[in-house]
C-alpha cells in the first residue's frame, strides 16, 4: 500500500492513525488508515482483500505520495496461517517505541511517539488519538462512550455523535467555542424512494421469493406496495376501506410515516377534484333479489373463472345507462362538454395503502360475459401491480363498490376529468313494504356523485332510475332492448 | 451594386439560407418584430417560422441551442441582440463552443455563427460596449468585425460556410453606411485576412470595426495636408492576420492603432505587443493607440463624444509621430 | 414522424397553452417477461462500470490518473437502464460524472480508461480526461464539466432532429446541482416552448458536490421543477434498473412522437465522494449505509435470483467477465502512448487559416498547424 494521491494537488500526506493492525483481515473497500492532506482527512482504502502484513510508517508520519506505507498480503497468501514473522511485526508496531523505519525528516509529529496534547485526564484504553483530542476539545468524557470501532475502540465519529446529542439535549446553538460545527442531516432513502424500508430489510422480514416490492403488491399481505403513480390512481370513496384500526393515544412522541407515492397522488387528485368540481349527490335503493337469482342462474352455465359478480352487474348496468345519458359519460372542458364515443368504466380497486382504477374500454361493445371477463382481468392486474399505463388511464366513469366490506351506503369523490362516480353499498335483506305488506327484500343503495357544471338533479335521477330498472330486470343486462 | 451595411448583412443571410437548407436564424425578436436593428426584417415572411425563430430572452439557451444544432448537423446563425447581452451566453461560447473541437479530439465541430452588435449612440454604460476583445482572447473562437458593407456581406457568408464557431460583430453605428457590394452570391471574404484599405507611405493606421471609419477619415484629412497614411483593417480579430500590418509598418515605421474598445488589454495592446516582438527594428517611434476612455460609457452627449476615438485624436497622434509637434496639421 | 404539434402550429401556439396531459412513466416490466440473456447483460454492464471505477480509483491513488476523478458508484442502474431505452441513432449528452454513461453507451472500456490515463488512444485522444469523454460514432456528445452547460446544447441537438423531422430523441443527463443554474431554466423553457424531443434525466443523488439539496433549494422534489415549465415530469427510483429503463423508454416514445420534452428525476446516491479528494464531512456514515442497502447492482442481482431467471453461477460468470474486461482495459491504457507533442496545436479549429499563422516567433495567437 502506498501513500495515495487524493487530489490533483496533493504531494504528501500525514498518516493520522491506523484503522487496522498487522494480522487483521482486510476486505476490499475497507479503510486501513486515516490520511490527512492539505485539504482534508481521507481514508486509505484497500483495493483488494487480504491481510495486513506490516505497517511501514508510524502514526503521525508525513509521507510523500507514492511511497509505501504498509504491506498487504493478497487473499491467497493471507489464507495461510499467520507466520511468526507476522506476529513479530504485529507486536513491534503496537509498541510506542521508535521503529526501524526512520521517519521522514522535518516531520516533528513523527519524532516523539507520545500524543502532542496531553489529555486532561487519563483516557480509557481503546480510544483513537484523534477521538481523544476531539473529546478534550468538546468536553466529552470518553468513559461514557460506547466505541463503534474495531473491538469497541472509540473513534472520532463516536465523540462527534456524543457531542451532537448533548448539544441537542441542551438545545444549544451549533456554535461552540467560536467555531461552527456543521451537522449533516440524515437523508432517509425511504423518504426519497417512496418505499418504506430497504430491500434487505424486507428480505430479512421473510419476504418470499419473487415478491418484488414493486411488481407484486397483493393487497392483503404485502406491506410495501408502491404502484405506478399517475392518472390511474383515484378515489373510490370518502370512506376508504382502510383496515387500519384507530391507534390508541400513546404518550410516546408521534412518529411521522412518510407518504407513499400513491398516497401523494391520491391526495393531489382528490383535493383537486373537491376543489374544482361542484359535487352533488343522489341515492336510490335497488331491489337486488332478481339480479342475485339471475346471477346464480347464469353462473351455473359458466366456468368458475368467468363467474359473474354483483360488481360485474353494476358495471354492466352503469355502462348501458351511460349510453342513454351521454352527459354523464362526458368530459368537462372549459370550452364545452366532450362527448366520449365509448363508455370506458373505471373500477376502483383497493390495494394496500391506496386505490387503483383499472379501466374497461368500450364496455357496450362487449357481451355481458365478455365484459365480466375483462373486468376480472383488469382488477386482477391492478391487485398484482401489473397494470399497463393505458389500462388505468382515461376512463369516462368510475364505479366504486364497497358492498363486500359491509358498507351500507356512501358517497365518493369524482375522478377527474370524469363527470360522475357511482358508489355502491352492500345488498342486504331488510323489511320492505309492497302494496301495504311488509316483505323481506334484498336492498342495495346506490349513490351517484355528479358534476353540477355538467348535469342537474333531474337527469341524475333519471339515470339512477334507469340503472335501477336494469338491475331489477336483469335480463335487460343481457339485452337492453328486450321488452319488459 | 450599392447597399447599406444593414442591407448587406440581410442579403448575405438571405442568400445563404436560400443556398443551404441547413442554415436558419434564431434570436430574440428576429422574426415577427423584424430584428432589433431591423437586420432580419422580412426574413420571417420569406423563410417561415421554422427557419426564422423567435426565442425567449435566454441568451444562454440561444447560444447553447445553436451549439447543439450545429453539432446535430445544422448551420445555425444565432443573433444576440447586442454584445452587451452576450455575457449570459459567454459560458456557452467560451466553455462550450470554443473547446468542443479540441477537447474531444476533433470528433465533432461547431459550425455556429453568433451575430451580434457592438457600439451604440446615447445608450449609456450597459448598452454601448465593445466587448469583442473578450472573445478574441479565446482560442477556438473566430471573431470577425466587418467595417464596410462589402466586408459585412462577404465575411458573413464566409462565416456561415465556416466549420468553426464564429462571433460576427456588427457595428451599430455603421448600419446606415453605404458602399459597393459585389453582385455575386458566392462572393466570400476569407476569415483571418487583414486588408489594406488605403495605401500610404508615411504612417500606418491599424483599426477594426468602427475604428476603420475614423482612421479612413483621418487619412483623408492628413492627405489634404500632404501626409499619406496607410490604413489596415484587421477585419478578423482571431485568428489575427498580422501580415499586412507588419508589411505596412516595415514601410512606414510609424503606427497608430484605432478602436472603440477600452485600451488596456484591448486590440491595440495586442497589436502593439506583436509589433514589438516582430517588427521592433522597423519602428521609428512609439506605437500609439486611440481607444475608448476607460470609463463606463456616460450618457451625456458631450461626455460620450469625449469617451470615443475621434478623428482629431488620431491626427494629433499621427502628428506627434511625424513632427514631434503637429500643430500645423490640426489647424 | 417528428415535427410535433407545436411546430405544426408554426412556432405560434395558442395563447394560454399550459401544462400537459397524457404522459406518465411506464411501470417496470415483470422480470419474467424479459429475455434472461438481456437481464444478465444489464447486470454484466453494471458490474463492468463498478469494477471500472474501482480500478480507476485505485489508479488515481497511484498517481496514474491526474486531475479530478468523479466516480458514480451507486448510479450504475441509471446509466445502464437509461441507455438501454435509447436507439443507436438517438443522441446522448451528459455531465462530467461520465464513465458509466460512456461504458453503457458502448464505448470501448480500454479507450475510456486510456482517456483517464491521458493517453493517445483515449476516446478524446488524451485531451479531455475523465470529465470530457465523448464518442461521436455512438452519438455521445460528451461529458461536459461546467455544471448545467450542456442542457441548452441538448435542446439544440433536439432542435436539429425536429428541424429535419427525424424521429430521434436526445437523452440529457445531469445532477441535482445543475437544476439551480440559469442554463437549466433557459434550456427547459426553450425545450418546452418548442416541444423539442429531449429527455432531461436528472440524477438526484441529494448532493451538489457537498451541499445537500435542501440547503440549496426550496423545492427538493425536482420533478416539480420540470413540471413548472409545462414539461411532463416524474420521480423514479434510480436504483431500479428496469424502472429507469421503462421510464426513459416511455419518455422517449412521447418525445419521438413530437410531443415535446420529458423531465425525469431519478433518485440515486453516490457511494463515493464528489471527487477523490472529498473528505465527506457533509454527510453521515449512517446515511451512506442506509443507501448502500439500495445498491442497484445487489438489488438487481437479488431480484434476478428471486425471480429464478438466472442462476448464481451465471452471475458469478458475469462478475468474472466484467473483471476481465476491466483488467484488459487497464492493460490497454497502460500500453497506449502519450499524445505526440507535435500535436499540441492541432485541432483548435476545424479549418485553420493559413493566413493567420504567426509571421514568425509569434505568441501563438492563431497558431494552429494543419
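All chains are identified by letter, namely A, B and C, in their written order; residue positions are counted from 1 within each chain.
To be clear about the criterion, a residue touches a chain if its C-beta (ideal position, glycine included) is under 8 Å from a C-beta of that chain, and two chains touch if they have at least 3 such contacts.
Nothing here was measured: the structure is a model prediction, and the numbers come from that model.
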Nearest-to-centre chain - CA centroid comparison = C
Is the number of contacting C-beta pairs greater for A-C or for B-C?
-> B-C
If you take the mean of the Cα atoms for each chain, which one ends up farthest from subunit C?
-> B
Round to the nearest whole Å and give the separation of the Cα centres of subunit A and subunit B.
-> 60
Between subunit A and subunit C, the Cα-mean centres are separated in Å by 26
For subunit B paired with subunit C, centre-to-centre distance based on mean C-alpha positions, whole Å | 39
Where subunit C touches two or more other chains at once, the residues are none
The subunit A residues in contact with subunit C across the complex are 2, 4-8, 10, 28, 37, 39-42, 45, 47, 65-66, 157, 182, 184-189, 192-195, 198-201, 203, 209-212, 214-215, 227-232, 261, 385-389, 393
Can you name the residues of subunit B that touch subunit C in the complex?
-> 24, 48-50, 53-56, 58-74, 76, 88, 91-92, 95-96, 100-109, 111, 139-140, 142, 162-164, 190-193, 236, 238-243, 246, 270, 273-274, 277-278
Interface residues, subunit C side, partner subunit B - complex = 7, 10-12, 91, 93, 122-128, 132, 134-136, 141-142, 144, 146, 149-161, 163-164, 170, 182-183, 186-187, 189-190, 193-194, 346-353, 355-356, 358-363, 365-366, 368
Note: in the complex, subunit C contacts subunit A through residues 22, 24-28, 30-31, 54-55, 57-58, 60-63, 66-68, 204, 206, 212, 214, 234-235, 237, 239-240, 243, 250, 267, 269, 275-279, 281-287, 290-291, 293-294, 299, 302-303, 306-308
